[in-house]
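Take a look at the structures below.
Here chain A shows up in two complexes: once beside chain B, once beside chain C.
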Partner chain A sequence: MAPAEIRNAIIDILGDIAPDEDLSDLKDEVSFRDQLELDSMDFLDIVMELRKRYRVQVPEEDYPNLDSMHSTVTYLTPKMVDCVAT
Partner chain B sequence: MIAPASTEKLPDDQRIVITGIGLTSPNGNNLTEFRENLLNGKSGVTEYNIRYFGDTVAGICDFEATRHQSRRDARRGTRAGSVGIYCAREAIASAGIEWDNMPLDRVGVYVGVTEHGNVETESEIHEIKQFDYDVKTWSHHHNPRTVANNPAGEIALNMGITGPHYTIGAACAAGNAGIIQGLQMLRLGECDFAIAGGVSESIHTFGIFAGFASQGALAEHTDPSKASRPFDKNRNGIVVAEGGCLYTLERLSDAKARGANIVGEIVGYAINTDATDFVLPNPERQAQCMNMALKKAGINADDIDIVSTHATGTGMGDALECDAVRRVFGNCEKTYINNTKSFIGHTMGAAGALELAGNLAAFDDNIVHATINVDEIDPECKLDQLVLNQPRQLDGVDYILNNSFGMLGINSATVIKRM
Partner chain C sequence: MYDTIIIGAGMSGLAAGIRLAHYDQKVCILEKHYTIGGLNSFYRMNGRDYDVGLHAVTNFTAKGAKKGPLARILRQLRFKWDDFALAPQKGSRIAFPGHNLRFDNDLELLRSEVRREFPNNVDEFDQLVAKISDYDDLDQESFELSGRKILNETISEPLLIEMILCPLMWYGNAAEHDMAWGQFCIMFRSIFLEGFARPYKGVRLILKNLVKRFRSLGGELKLRSGVKTIHVDQKQAVNIELDDGTELQGKRILSSAGRLETLRLCSDSSEPDPRTAGQLTFIESISVLDRQPETLGNEDTIVFYNDSEKFHWERPTEDLCDLRTGVVCSPNNYIYPDESGKLPEGVIRITTIADFDRWNGLSEEEYRLAKLKWYDRSVAASVNFTPDFRSYVIDTDVFTPTTIKRFTWHDNGAVYGAPDKVLDGTTHLDNVFLCGTDQGFVGIIGAMMSGISMANAHCLRA
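On to the complex of A and B.
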C-alpha cells in the first residue's frame, strides 16, 4: 500500500472507532489526541484493527509512532508495503 | 427495618415511593406508548434471526440509543449498557428531577440482570474464529464489557453518578430484585436517590435461544405476534425479548419535599428460594413468597386489585404458577390477574420491572390490561379472575402485586400501593 492508501485505511479505522468525530479536516501533523477524543482503549483499537484488517503487528514499544496521522503513516509505510487496500 | 406490618406506621423517611419511570419494551419506548399498546392488544414480538441458531421470533426494542449516548460510547459499551442509559435518563426526565442540582455521590444505581457477558463472549469467539482462533485478535474491550456490574456502571459513567452502582443477578426475578435493592438501600441511608429496576440484552446471544430450544422451551408460531401465549392450551415455550425498565425511587419525605409526582409506594416485597430444582418452579414456595410480600404490606390477599403474573408460556411453569396464585388468590373474586409477556415476550432481567410498569398505569386509568393470545385456556391454568384477551375496566385500583420468578428457584414479589 502506498502512503495515501495507508492514510485512507487509518481514516476508515478512525471512522469506526470515533463515529461522532468529523475527520474531514484532520490535520496530519497534529497529534490525534489534540484533535480527537481518543483514549488509550481507542489507540488499542487502532492496533487491533491494523492486526485484523492487514495482519500488521504493532509492538507496544512502537505505540508512540501512532501519535499523529503523519507519524503513523511514516511508521506503517515499510510495514504495509505488501498489504492490499481493502 | 424488618417486615413492617404496614408502611403507614413507618415514618416518611422509611417509606419508599416510585417517582419516575424510564423504559423500553418491544412495543413501546415510554410508558404512554407501552400502555397504549397493552390496552390495544398490540404485540411487540417479530421475526428474528441470529447467527448459528437461524430464524426464530423475539421481542426487539427500537429505542433511540443516541438520544442519551454518543455513538462512540454505544460502540464501546454493551447493549445492556445502552438500554440502561436510555431507561435511566428517561426515568430522570419523567421524575422531573433537575439533574444538575443532584448530589451525585448520594445516588445509587441498582440494576437487575438475568445474565451478563454472554453476548460479548459469543461475539468475540465468533470474531476470533475468522482468524483461526488467534487470541491476539481477542478484544481489549472484552473485560469491561463482561464484568457483571457493566450495565449499572455504564449508567453511572454516562450520568456522572459517584454513589454506589452494581447489578443484582437474580435470573428472571432480577427486575423485582433491583427495585427491592433500591428500596433497601434508601431505607438504610446508603443513598438518597435510587435508580433501580432491570435490563436485558439477551436476544443478542444465540445461546439463550439454543438453550431454551434444547430444553424444549422455546416458543414457535407461524405468526410471531401469537408466539407468546401464556395460559393457552397450545403454548409451546418462551419468546426471548430485550428490554429495560428503571425507576427513580425516593423516600416519601424527600418526594413530598420536592413536590414530586408519586406513582406509587412500594409497600411490600419478598424474595425466597425453592431449593428444589434448577429449572422447575415450586408452587408452594411461590405462594409463600406472595404471602410474605402481602404480610410485609400489612394487607390481605383480597386487597390486591391486580396480580401481574410471571408466566412465560412454558407448559409446566405456567401451570405451576397458576397453582401458586390459586393458593393465595383463589377466593379473591375482585382480584384480577394478567400477564404482560403475552405482548412482549420474556424480557428476562427487565421482566419484573417492565411488567410492573405496564400495570402501574392502572392506578390512573383503572383498567387491567389483558393476557392476549389465549384461544383456549389450559384447564390447569384456569383462574376465574384471569383477564383474557380484552382489558377490563375496574372501579378503582389501589394495590398491585407483581410476581417475578427465575431459574435456580428464585421467587420475588412486590406490592405497590396507589398514593
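On to the complex of A and C.
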C-alpha cells in the first residue's frame, strides 16, 4: 500500500472506532490523543484492527509511533508495502 | 472448541461477547434464564412492557462528549451515541425530613443546593469533589478504604454525609453500612458528575442492539443453558457441563455469574463461605397511572428518600422489608425527544430494601399476600416524599428478591453482588475470569465496561 492508501486505511479504522467523529478535517500533524481524545484502550484497538485487517503486527514498544496520522503513516509505510488496500 | 465461553447474557457478558467476536474469536454466551439482560432485563405483563432493573442509565454524558465511560464503551463496542437513544433526566432529589437536595446532570445544581441547605459546608463539599477527581480507578488498596471514614474527615455535617451516601449506596453498594471509597468514587462520578438518562423504549432497546451486534459478528447465544459444572484439571477449566448434560469446551471462561456462584460451579472447589455473599436485595412496587406523574405535581425523575437523619443501609432484621428508606422513579420524567413524545402511561416505581431469606421462605399463598401487603406499605411510605398518586393507579406489579434471583442467579438475589470486589477479575484457575458486578463495576454502563475491560485484559491480549 502507498502512504495515501495507508492514510485511508487509518481513517477507516478511526471511523469504525469513533463513528460520531467527523474525520474530514483531521490534521495529520496533531496527535490523535489531542484531536480525538483517544485513550490507551483506543490505541490498542488501532493496533488490533491493523492486525485483524492487514495482518500487521505493531509491537508494544512501537506504540509511540501511532501518535499522529503523519507519524503513523511514516511508521507503517515499510511494514505495509505488501498489503493490499481493501 | 470455543476461544471463549461467557457465562451470563447480561450487560457485561454481551459487551464482552461483542469485543471478542469482533476480533474473530469463536464465542458462546450461556444464559441460564429464558431471556437476556440479567438484572437489567425486561418483561411483559397484561399487555404492558416493564423493565426489571432500569430506573436510570447512570454515567450519562451528552452526545459529542469524548471522555467518560459512556463515550469509551461506545468506541469499544463501535456504537453510535444515537444507538442507545439516551434521554436525560429532568432532575432528581435526595429527600430527608425537612431537607431536600435537588440534582441533575450538571454538578452546579447539587452544589447550589448544598449551599442552600448547608451554607457552612459548601467548601467541604468542594474538597470532597476534588478528592474524587484525584482518585485513580483501579488501585485495590485505596479502593477498599472506608468511604465513611474519608467522608467524616472531609465533611463536618453528619446529615450532609448521610444525604450524599443515600443515592450512591442505593444505586451501587453491595456492602452493608459502609461503602468502599473506590465504590463511592465510582458512584459519585456516575451519578453526580455524569448523570441519569433513559431510552424512551427502556432497557430493551440497549439489549436488542447488543444482541443484534453480537449475532452479526458470528457470536452464539444459548438461552435456557445453565452451567452445572466447570470441570477442572490442574488449575485449568477443561470443559463446561450444562444442566442438560451437554458438554462444551473453551480455551477460557469469562463468568458474570458472580464470584461465589462461579467458584461453586468449579469441580475442584468446596462449598464457598456463604457469609461472603451479598445481602442487599429489593422489592420493586410498580404502579401504572391513568395520567402523567407531572399532572400530580411530580416532576422528579428519581427521589431517594430516608425518614430520619440517619441513613440505614442494611438487610432488614425484623420483617420482609425495611420501609425507612426507598427510591421513587418516574420514568415519565425524562426529557424524551419530540418525535417520541411522552410515555403512553404514567408509571411510578418504588424500590424498598428486602430480606431474601424471608421472601424465599414463603409458601405460594403467603408470597401472593406478602406482595399485596408490601406494595401497600411501600407506596404509603413513599408518599411522604412524593405527591400521593394512589387514587390514579390502574395496574400494579411487584417483583421481589426471588424474582431478582431468577433473573440474576446471584446468591440472595443480591442486586449488586458480593461486597468484596475482584478488580482484576482473576480466580484460582488460570483460564477462568470474572466480569460483571463482582468485578466491581455496577450499573448498565459500568457492567458493559466490566465486560469490555475483562475481555481486553484476559481474552484478547493473551
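One rule holds in what follows: the second predicted complex is superposed on the first by the 86 of 86 C-alpha atoms of A that agree within 3 Å, B and C clash if a C-alpha of one lies under 4 Å from a C-alpha of the other, contacts with A are read in each partner's own complex, and residues count from 1 in each chain.
Quick note on the criterion: a contact is a pair of C-beta atoms (placed from the backbone, for glycine too) under 8 Å apart; a residue touches a chain by one contact, two chains touch by 3 or more.
Quick caveat: nothing in here was measured; it's all calculated off a predicted structure.
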item: Joint occupancy of chain A by chain B and chain C, clash or fit; value: clash
item: Touched partner set for A:L36, first chain B, second chain C, both or neither; value: second
item: First (chain B), second (chain C), both or neither touched by A:V56; value: neither
item: Which superposed partner A:L23 touches (first chain B, second chain C, both, neither); value: neither
item: Colliding stretch - chain C into chain B, listed as 27-35, 135-143, 243-251 or 423-431; value: 27-35
item: Interface residues of chain A shared between complexes with chain B and chain C; value: 16-20, 37, 41, 44-45, 48, 52
item: Complex interface listing, chain B residues touching chain A; value: 70-72, 75-76, 131, 136-137, 139-141
item: Of chain A, residues touching chain B in the complex; value: 16-21, 37, 41, 44-45, 48, 51-52
item: Partner chain A, residues of chain C touching it in the complex; value: 23-24, 63-64, 66-67, 72, 74-76, 78-81, 453, 456, 460
item: Touching residues on chain A, where the partner in the complex is chain C; value: 16-20, 36-37, 39, 41-42, 44-45, 48, 52
